[in-house]
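Look for chain A in each of the two complexes below; its partner is chain B in the first and chain C in the second.
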Partner chain A sequence: MSEPVSALNAAAFDGLAHVQEAGLHGMITLRGDHADADFAQAVADVAGVAMPDQREVVSGGDTSLIWMSPDELLLLCPYAEAGETVTKLTEALGDTHALAVDVSDARVVFTLTGTHIRDVIAKLAPVDMSPAAFRPGMVRRTRFAQVAAAVWLRDDETAQIICFRSVAPYMFALLCNAATPGTEVGIF
Partner chain B sequence: MSTRLATGGRLTDRTKQMKFRFNGQQMRGVEGDTLASALLANGQLMMGRSFKYHRPRGPVASGSEEPNALVNLGQGARFEPNQRATTTELFDGLVAASQNHWPSLQFDVGAINTHLSRFLPAGFYYKMFIHPRPLWKHVYEPFIRRSAGLGAAPDAETVDADTYEHFYTFTDVLVLGGGVAGLQAALTAARSGAQVLLLEQNAHWGGRTPVDGGEIDGKPAEQWIKDTVQALEAMGNVTLRSRTMGAGVYDHGYVLGYERLTDHAPETPGPRHRLWRIRAQQIVTATGAIERPLSFAGNDVPGVLLASAIRDYVVNYGVSIGDRTVVVTNNDDAYRTAICLHGHGLNVPVIIDARMQGGGALMAQAEALGIRVLKGKAIAKVKGTRKVTAVEICDQAGEGAVLETIPCDAVAMSGGWSPVVHLWSHCGGKLSWDEGNAFFRPDLSRAPTSHDGAPFVIPAGSANGYIQLKDTLADATTAGSSAATAAGHQPKVGTLPQVAPREEAAMLPVWLMPQGANVKLRSKAWLDFQNDVKVSDIQLAAQEGYESVEHAKRYTTLGMATDQGKLSNINGLATLSAALGEAIPSVGTTTFRPPYTPISMGSIAGQARGDIFQPVRETPLHGWHEAHGVHWEPVGQWRRPYSFVQQDETVEQSVNREVKAARDSLGLLDASTLGKIVVKGPDAGKFLDMLYTNMMSTLPVGKCRYGLMCNENGFLMDDGVVARMSDDTWLCHTTTGGAERIHAHMEEWLQTEWWDWQVYCANVTEQYAQIAVVGPNARKLLEKLGGMDVSRETLPFMQWAAGTLGGFPVRIFRISFSGELSYEIAVPASQGLALWERLHAEGAEWNATPYGTEALHILRAEKGFIMIGDETDGTVIPQDLGLGWAISKKKADYIGKRAQARSHMTDPTRWQLVGLETVDGSVLPDGALAVASGTNANGQRHTQGRVTSTYHSPTLNRGIAMGLVLNGPDRMGEVLEFTKLDGTTIPTKIVNAVFLDPEGEKQNV
Partner chain C sequence: MLILECPYCGVHAEETELHGGGEAHLTRHGPESSDQDFEGYLFQRENPRGVHFERWRHVHGCGKWFHAARCTATLEVFGTYSAQTSEPPQHIRDRISAKRPGWSWRELA
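Let's look at the complex of A and B:
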């Protein structure tokens, strides 16, 4: 076993916001009908947190459940635990029609911190970033410029952005560019 | 001569002098000037030449409607042509040059065209350049291209020095235009609690009201504007942006805002332009009105300006166009210019009013000041070429007999006002003709509608046809209130701003001056100043049958200049309607399209330039490749190694070396880009049987099967190996370019057609780095790493196994795209580089050689394996490629099955895949055609086949190719002639497409 390396090896940038590649995260794609009680129960049991509502995130400890679509969730957990969690989920789900698959290595996580994170995101994603519309604990599946991404607001000054690993350099460059010092829009 | 007045200029600060250069000449302006006002202050009235006749041109307007005063602005990396001097804010060090002349602005050879104008009528290009046909390509088109365009094109190799960005925002109410109507509408909407965004294209609030004067709520308009802006700034739910133009209104409340951040201060850090991409629930268009020129002979001579513009230059910038200004009008508003000029100590020899009764209170005021007013009169002709020297006066009712000549150096003209309906119209808002005011105004019963069928654009103030200040503010209040209500807020009942009513006499529609002007005068009466379209041109177009306004526009180029007809449109279509003898509303307007004024290309591109022009997808091994001499090939958005070029090697040599290494010993390929889609569920087998042409449901767990995927029309769209992971789970490999497309294809069928099937899929392409270990020594390397039994017995061809290889958690697929002994190893992406490096280190004893896509292509071509995109092009079915064996005869259905039963799909004359070998061993050109005897109706040779893949095979040391050939498989050994680029042909033999190891012994060891 070699030491796993994240896509950009914790690259960082300071500007309008602090941009940080957040290292390796355990990520599990869960497909299943949220309305199915068996599915919801199995997921909640293994994750240890409640099912999120539409476009929301529920966190507990180092585990988060992110709503991705009416039949998709993303479970965040420590990287080392992802494989085991997939096994547990598959067991807990039993005969329930569902899919749990480890995508920890398929994606990259960026953390954006600072008072101007909404400016940075709103330059790239066609999403309403006003504090009234996008509050801590909410997630949006959207695009950042030309690539797909999910953005999750942890608190008023911390956002996490998840995208495909292959475009990590592009996403990092995008975020740094949008965070060029002196380019605040001054609307939020 | 134009000059700076001793005092005045409400927007300027005379204590702050600025230097700038125009046509190489040093000039001085003051802070707050536009380039146009600064040039005028320096006596530079002539600023350019018109497009067609190269006539001298000075500014005719003072704002964004300006058609004439266009300049080449900036230098080098900040050069931009066709910038309007009237909206370019002056800054210290500005450099500008005039356009469309040679050798100089003063003396222009092209001005000969004005003397040839009777030979250059409307539709000249269409008439002249149609015959003889062959001359078009070699003579006419190059000539026309050379004379096309006004400003200079930026140098192709120069990179724009500035940055640009986009910004997405959402609002309840968006108000476009920060004049008094926009301010009042915004205030009204904001008081309801709605989120309000207010955009103003200029640097200043209040529009032209401060120039026109008047009192609001008992205080001067300028004070009211200041107070209102302050009130808005103090509200938490309001955002104000000046220097930001509403450029376009699109479906469902989408609006583009164009913010110019540093145009007025180019050295300021930050983006130059920001393109606001706005979603608004309701849009208020408070875009004001534009004054119309009058059509009289010589109305294009420098010094003839809109009456409002002359007023603007005096009041806003303290600049006069001339000492003696003749005012000519059909309405009361132009009297304000006369009164204003008089108040600034300038001479107004006469006001020529086309109306027999003249005007109202303003006329009385002008007469009281001692200004001479002539009623029922017109300008027959303006004298002067580069500047106005005099006007000849005639009766408006007559044909132009001169009654009097009055020397002057400026003419202020007003043909009435047209509401700026552009943004109302962009998304489908309709117009109605207002007979009394002679203008088109928004028809509120036919507003642009959103997804719910409800209107989402509300015009306000003069943009809605309410020209008088009192009416403007009342209408804006209504608009703001309606917008708030429609956006779900409860407007507060407030008091209307109090404005004393002003008596103005009715205007008189005047579309030609004098009304009976003879042809000589008509052919000097300009409608479109930039493109040189005159009254006579429109009349000619009508006479020649161009009755539709859209046709007449294109025939004459009316309104096709950079100003998009802001001044010429209404006058032109009124002229057309008169020529056709139809009412103006039945002729209609041309279409208003965004943007309102041109926006920069940079703002459209936003951040997409340089490194982030496009996303480049990188595999986990990308950095290693870069460090090892990679020659990249773009594959979709991925970069894949084409070859790894060593020192003293050509790319061709390195490709040959890589092929041989894989054939003779050990090759390593980064196959991470291959699509990997997990398909799981009780119905997954059934689903895959429908997607692939062969059976996947019967595949045993642990085994792999090559599959073909067709679209509904039967055409081959993707291929790849499918592995059965467990009872209810399959892993589908796709082509590199197919991963997202095929994933979407799966989801589409699952969501739209087979929504009741229990299947989930997930795209896990990027979870794994995938490495192909290829060649006779492949097994030895894996055995050396240890941990898994990779023997022929335990892991035979077309099986897969999971385990730990050399400490890495892997899945090994025993599949081959090269015909060699081959293992594809999938490892979590985060460990991909470590495994890759380990394979190189441990494989050194067998000369482990990384190979790229070109070697991969040659390896597969030598084996006759097809490549999606080479052998297929969207018109090829599996049956064309000899892949009938991969099509299940047992299955009742699969996507494409019925299409493949169509008569032309089963036609035996469809070209079929074969191998091709040139007789002399050379390499066939890619895409070469096999010629047949005879020619078709177009005189082209008949063909009987084409090359789909062609390479030099280092293994066979000769050219090999695949191609589709008529009855190919039945013509083995036959020699056909294939085309070469030089027009000759090359004899080529039809052979089996499998050039190497037809029994497959090498991969099966």
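Let's look at the complex of A and C:
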């Protein structure tokens, strides 16, 4: 077996914010109707956290359940557990019209930390990043410059960003550029 | 700048997060149809100055298709609504009637 490595080998940058490629994460895409009680129950049981409401993230321990659309969730878990979790989900979902797929190696996670993370994100995404509009626990799928991404705040000084692994170097370059020291906008 | 509220994820998405899908509520005519119906389906489109109904996709977001009613002259948005319908819902038509009395679009008024 080859040793799995993350997209940018934990590359990091210090500027307006600390930009960190966050290493390997288990990521499972779940498709199914959130309004279907059987689907919601099976997912919550296996994930061990509650189903998120619209555009919300529910976290517990090292697991996060992220609302992606009315029929899509992203489950974050430790990398080594992803395969087993997919098996458990598939069993728990049974005959429910649903799908669980391990996409851990298809995506990359970045972490932004610091007091200027809202500045950095607002330079790249068409999203209202004011503290009143975008609060910790909310998720937003959007674009960062030219690539699709999802972003959520763990707290007021920690953001997580997910994008496709194939555009990881582009995303890292974007984040580093937007975090160039001395370029704070200071409206948040 | 056009801002549309996606009815599926509730985001007020600005235009660059969306992809336009052309005229709404077309009836698809396929291989069994008459040549005239097929030609109309492929080529006949409204080109209104004023009230218009369109399909949009929240492409850099939840990925869902939806419908939007707007004014092509002023970019005023009358509302967005589900993709799972073949005609605009009554509350959207009422809102348009309040703002553009006497409006018409295809057979709708």
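Everything below uses one rule, namely that the second predicted complex is superposed on the first by the 188 of 188 C-alpha atoms of A that agree within 3 Å, B and C clash if a C-alpha of one lies under 4 Å from a C-alpha of the other, contacts with A are read in each partner's own complex, and residues count from 1 in each chain.
Everything that follows uses one rule, which is that contacts are C-beta pairs under 8 Å (C-beta built on N, C-alpha and C of every residue); 3 or more make two chains touch, one makes a residue touch a chain.
This is a predicted model, so every value here is computed, not measured.
When the two complexes are overlaid on their common chain A, residue A:Pro126 makes contact with chain B and with chain C alike.
In the overlay built on the shared chain, the residue A:Ser69 is in contact with chain C alone; chain B does not reach it. Contact with chain C, but none with chain B, is seen for A:Arg140 once the two complexes are overlaid on the shared chain. Judged by the touch definition given at the top, the superposed model places A:His116 against neither chain B nor chain C.
Taking chain A as the reference chain, the count of touched residues is higher for B when chain B and chain C are set side by side.
In the superposition on chain A, A:Gln54 makes contact with chain C only, not with chain B.
Residue overlap on chain A between its contacts with chain B in one complex and with chain C in the other: 126. Residue ranges of chain B in contact with chain A, taken from their complex: 163, 165-170, 195, 239, 269-271, 274, 277, 279, 606-608, 611-612, 614-620, 637-638, 678, 680-682, 758, 760-762, 764-768, 807-809, 828-831, 833-835, 838. If you check the complex, the residues on chain C that touch chain A are 8-11, 13-14, 16-17, 60-64.
Listed in rising order, the residues of chain A touching chain C in the complex are 54-55, 68-70, 72, 126, 140-143, 148. Within the complex formed with chain B, the chain A residues making contact are 1-7, 24, 29, 31-32, 71, 97-99, 101-107, 122-130, 133, 145-147, 164-170, 173-174, 177-178, 180-183, 185, 187.
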